[in-house]
Amino acid sequence: MSKPKAGFYWCASCGGCEESVVDLAEDILGVVEAIDFVFFPVAMDFKREDVEAMEDGEMTVCFINGAIRSSEQREMAELLRRKSQVLIAYGSCSYQGGIPGLANLCSREEIFKFVYHDSPSTDNPQGTRPQVRFDAPEGELELPSLDKEVKSLDQVVEVDYYIPGCAPPTALLKAAVEALLSGDMPPKGSVIAPDTALCDDCPRIDTKPAEPLITEFKRPWQIQIDHEKCLLAQGLLCLGPATRGGCDHACIDGNMPCSGCMGPVSRVRDQGAAIISALGSLLNHDDPDEIDKALDGIPDPAGTFYRYGIPHSTLYARCGITAGNGES
Amino acid sequence: MIMHRKSPEDQPRIGVYVCHCGVNIAAKVDVEHVRDFAASLPGVVVSRDYKFACSDPGQELIQKDIREHDLNRIVVASCSPQLHERTFRRTCADAGLSPFFFQMANIREHVSWVTVDPGAATTKARALVAAAVRRVARAEALALRQVPVRPEVLVVGGGIAGIHSALTLANAGKKVFLVEREPTIGGHMAQLDKTFPTMDCSACILTPKMSDVKNHPNITMWTYSEVDEVSGFTGNFKVKVRRKARYIKEELCVGCGDCVDACVMKKEKVQVPDEFNVGLSKRKAVYMPFPQATPACMVIDPKQCLQLMKGKCAQTCVDACERAAVDFDQTDEIVEIDVGAIVMATGFRPFDAKRIPEYGYGRFDHVYTTLEVERLVNASGPTGGEVVLRDGTVPKTVGVIHCVGSRDRRHNAYCSKVCCMAALKMAHLVKERTGAEVFDFYVDMRTPSKGYEEFYDQVLSEGVQFIRGRVAEVTDWAMTPEEEGKLVIRVEDTLIGVARRVPVDMVILAVGLEPQVDTAEMQRRFNISCSQEGFFLERHPKLAPVSTFTDGIFLAGACQGPKDIPEVVAQAGAAAAEALALVDRGHVDIEPNTAWIEEEACSGCKTCIPLCPFNAITRDEEKAIAVVNDAMCKGCGTCVAACPSGAAQQNMFTDEQIYEEIEGVLAYV
Amino acid sequence: MKYLYYPGCSLKGSGRSYEESLLASFKKLGVEMHELPDWNCCGATAYMAVDEMKAFALAARNLALAERYGDGEPVTLVAPCNACYLALMKVQKYMAEYDEVGRTISDALASADLSYRGGVRVRQSLDVLLNDVGLDLLAEKINHPLGQWKVACYYGCQAVRPFAPFDDEYNPMSMDHLMRSIGAEPVDWPLKARCCGGTLTGTIPTVGLRLSYIILREAIDRGANVVATACPLCQFNLECYQSQMGREYGEDLDMPIVYYSQLLGQALGIDDRSLGLQRHFVPLTAAAAVG
Amino acid sequence: MSKDTPLPSAEGFEPRIVAFFCNWCTYTASDLAGTSRMQYAPNTRVIRVMCSGRIDPRFVLQTLREGADGVLLGGCRPGDCHYQSGNYKCLRRFKLLKRYLAQMGVENERVRLEWIAASEGDRVQKVTNEMVEQIRKLGHCRLEQIPRPETEPAAETHDLEQVGAGGMI
């Protein structure tokens, strides 16, 4: 019997998801033994033509990481969807938009303006902007165009499973592969990770007081962080209560607050709103001015509470960013 | 926790009933259209409009449909759930359906009564019906929680309202705690001389009731005491009562007054105005408010007593008391009681006439308030019943001014209801006692009660002169020799259309009734609402006039709004009956809208625990999750909204039910 | 303490002694008064009756100038003349409460490159004396207590009606307190804020004179030997028509009518000339004997 | 320039506002407005919750997502909460939520929190009318549309058993 075929592709991402595969260490040998990688641009030399040449559904599974922002990424997502039986959104970007998704706070024009004009490190006297078409000596070139917004994978193609994390914990990848091979998969649409929040297995939970614990929000560099005490209780914005566990509390062990990469648990529609509600409730002020003062300690609520998931959130993007064409 | 998950075969079969409410809804909302619209919604099996859904035939129609069409969800689009939710829940229950498979859409108070345009009203009604249909499909069969009710009742305030409530309850065999903040019960009625319109002597009809209270085996009477804290809920209130230090041992004092005679504050200038006589006489530091005070027990005013203020006094009172009842070491004592129901009978305060400076009260010696004149005409008052002015003369002309602080947009827009009759009573009494010529300045004469108009007629026939007009000012500015030394009442006589100056010797201001100064504080302490003018708010102006929005707390008397004595007594009886109906049943049904935690979803993050105002959430350390104590939860849902895991849910208000409602109001336009 | 000062026309004309005495007294009390540059008519009295909106525009210009003068800082504009005080208060309130007034006046101001955003607090000088300077400081600074005066404090109508931000509408007391603090004895009388006749004295003299006379008569009956006013028009009506009133009502009237600030100045030891007392028709000294 | 959906003209635009009112104060006030026959704009749809403390920021976001042009939250006045302090919790969440909404380009006027006591029927009227007017000026709340996959995937079968059969580790 032939081994199941698998693909691994990246869209708008940093490469960390690929790293997470390498992080399997010797376990990767078992994977490679059980699975035939037929498409893995970062690691192996396959071309798009190779995928196009496949039968529809020829790949048993394809892991796509990275958000979708360009015409190329969309095309690849659609192509890989056709060619695979199971499509897995791998990592925060693919699952919820991730860090690239923060770009949904700006219009494409604002981004271009900053990147090609305003940013202090830019030297671009001609005001050159990216072009979709370009007359090269070899002939006209067509380059991928940048979409107006960043999307998660499931906003472009149907996704069967999600593996969260930035980058996904190797344990989850391993579990997913094992489940795939054994055929013991959860219901379609599932997020392959535990369905309770990080606090559930946080080693510091016993140090968290059951009281309105926040009077002031602090940034990690502002304090000497206690290695044992609940980070929220120290005034740090730890998103653990509203973030799915399964990461083996890696950040907490590194003495850093959870920034929410695993996304919300299944019962919560909007991770950021959930943490807004929880933290707002626990703020220990009644006076409106005092509340405002405390909230000034969170200079960027959208970036803080939706760091990995603006495209997947209820509001999806800042109002009006798709208005106009944003072309240069 | 009572929760029934929906089984798959339990597909919603919804019946929708759009009520006309006579013309109240139908005149504005196109009820047939809403009915047809509802019929098109998913899950709706029956959709009807009906003249009066709450009527017996209306309810029977619903019950018939439940049986015949096998309906398992009911939506009634009619009035506010505050009014008829219970009615329709019972309808459902009687037809064998869980009362919580019922949802109301408020298309009267929120639609037909507040919307100008019929088209817009119909659109809004559709949206609310759609939301109710979507929501009811997610409803779960819950059971009412039954909680035992304590049989004791707390009555707050010992005026005539509190006295009557307490006696009614005690006579029915219930144990009553009567808490009064003054040193004696009796309230304002004890200060009155006569009561209109029959002119019974106020003391003669009140004091027997006061001693009944004192002697009733079922009544615990605590005067000079205040309610500090109320917690718990209907049927099971926990109340902390502060028994203020009286510095007299109540069980020893017989009210002989030897200590008063002995008190060193002999000189009148060191004495203080006597509250009972509205400052028309003075009292010492140790005193009894009035001879029939109940309990007949002295009290020492800590703000006047030299011993208590400065720790230095000859303590002649101690020596004088044969029973050794004086006790300077007394301190406030907090008593905790458990009661099933509370009757609020905290009364009113008279309008402060100084707030209308143009009437000269506090500036001119001879301007009095009605309450002061009550004391003047009273045989046991400071003048022994003689109407003499502060300069010792007897007035020959008297002006009575109505609506002082009432029906006046600068102060209180409302009518204080009792002052017209009180003014007439004053006119009658003063004329009777002094033979003076009495002028009565009224804005509108309001005497609509049994025997009241007849009393007005009587006073008319006695020769009191009535002048219709709002008095502009009371001044000592004389323009003619006849006005010299008199108070001149300036008024536009609106019946003859001229501005008049009426010189008088004495002015009586018929002051209105206002909420007690600390009503807002009381409102918070007892968790009840106030109406705009500051009186306690009844649950419904017509159908629940003595109930509050807080179950188990009832209103009696003028704390709910201005009232005269007959009305106060009637209402006090009603409040007692309502309280009795509650405590006599022995248990109370509580809405099952409590919160609960889905165990497997809870991460044990402890967010919810400190948010609960009733400490109903604790942490199960073994399972490392939060647990809601169903009996303590009052169903606010704060923990549910805050749960970052979606693990906390509230019965009757689950996230999904509310999302359905959100989608429902927005989906079908 | 530092204030912006709006004199208005009277304090530069018939009511000059009000300005002289007030500024001298404030100086002595260490209160700085800066006259609003380029101020104009407040729009009161006749103007208000003929065309209210134009009168508002006039008043508003002063407020706009004051706001600009403040340059972003809160400004208190002191208007000692009751008519000015009321006119300025009124336009302030109406601009805020009535959209149309707000719009029209803003447009009018805009045509002169001005704007008004409501940032000026208009106050009567009595208010400033009582509530900012305070009776304690006054008591400290008084070196010539005026025991000889029984003062009928006459506030006039516009200081307290229809707005009464600092005193009672019917029985104002601030001037009474002030008089007591400088050693004088205020008489208790009921006509403190009753009409002096206003402009009727000029238009329908029988009515106007009668109203003025009522005030004077009552002051005399109550034992006053001087009437203190806070309004140039009241002062003028009560003082300058005394001989006419005398003829009309058959009695000799010789009641000095001064500004409260003049008595205050005397108590502070300022000489009569600096207080403008020589400008009066009924000399302050003359009636002292009567009392 | 590509053509976006044209903005609706000011005329004919009727804002849709969803109101979350607490049972004890604001819902009662809104009933009182009814019994007092106070006429006001028909644009609100009231959803009753027991306490403003039950109002989850997620409800506000979802309401906007479902197409509402404004969200009005109503609770008891400070100190008057039937459950002691649910309204304060609501206030704190609201203030944090508003900061997020501002970043997301949702105009300030669209989401509003009001304390309305049970006796203040007139405030329900006033606040509703005011809010409707403000939002009428702003126009529709135009959240960015969330994209959905356009076509069904070509691979028809996701036969997991087959997958399982195919692999042994």
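To keep things simple, chains are lettered A, B, C and D as they appear, and every chain counts its residues starting from 1.
The rule we apply is simple: a contact is a pair of C-beta atoms (placed from the backbone, for glycine too) under 8 Å apart; a residue touches a chain by one contact, two chains touch by 3 or more.
Given the structure is predicted, the values throughout are model-derived calculations rather than measurements.
Engineer: Quick check: more C-beta contact pairs in A-B or A-D?
Structural biologist: Per the contact counts, A-D leads.
Engineer: What's the distance between the Cα centroids of chain A and chain B, rounded to whole Å?
Structural biologist: About 58 Å separates the centre of chain A from that of chain B.
Engineer: Can you check how far apart chain A and chain D are, centre to centre, with Cα atoms defining each centre and the answer in Å?
Structural biologist: 27
Engineer: Rounded to a whole Å, what is the gap between the Cα centroids of chain A and chain C?
Structural biologist: Computed from C-alpha means, the inter-chain centre distance equals 73 Å.
Engineer: Between chain B and chain D, what is the gap in Å from one C-alpha centre to the other?
Structural biologist: From the centre of chain B to the centre of chain D is 35 Å.
Engineer: Taking each residue of chain B in turn, which ones touch at least two of the other chains?
Structural biologist: 611, 638, 641-642, 655
Engineer: Send over the residues of chain A in touch with two or more other chains.
Structural biologist: Touching at least two other chains: 268, 274, 277, 280-281.
Engineer: List, in ascending order, every residue of chain C touching at least 2 other chains.
Structural biologist: Answer for chain C, listing residues that touch two or more other chains: there are none.
Engineer: What topology does the chain touch graph have (line, ring, star, complete, other)?
Structural biologist: The chain contacts form none of line, ring, star or complete graph.
Engineer: Pairwise, which chains touch?
Structural biologist: Result of the pairwise touch check is A-B, A-D, B-C, B-D.
Engineer: Which of the residues in chain D come into contact with chain A in the complex?
Structural biologist: Touching chain A: residues 1-2, 4, 56-58, 60-62, 64-65, 78, 85, 88-89, 91-97, 99-100, 103-106, 141-149, 152-161, 163-169 of chain D.
Engineer: Give the list of chain A residues in touch with chain D in this complex.
Structural biologist: 1-4, 30, 33-35, 56-57, 60-61, 81-87, 104-105, 149, 151, 154-158, 160, 177-178, 180-185, 188, 268-270, 272-274, 276-277, 279-281, 283, 285-286, 288, 291-292, 295, 298, 300-302, 305-306, 313-325
Engineer: Residue numbers of chain B touching chain D in their complex, please.
Structural biologist: 80-82, 106, 108-111, 113-117, 120-121, 123-124, 127-128, 131, 523-524, 527, 529-532, 537, 541, 549-550, 593, 611, 613-614, 634-638, 640-642, 650, 653, 655, 658-659, 661-663, 665-667, 669
Engineer: Which residues of chain D touch chain B once you look at their complex with the stated criterion?
Structural biologist: Those in contact with chain B are residues 14, 16, 18, 24-25, 27-28, 30-31, 33-35, 37-40, 42, 45-51, 53-59, 62-63, 66-68, 79-80, 82-86, 89, 93, 117-120, 125.
Engineer: Write out the stretch or stretches of chain A touching chain B in their complex.
Structural biologist: The touching residues are 195-200, 205, 208-213, 240-242, 245, 265-268, 274-275, 277-278, 280-282.
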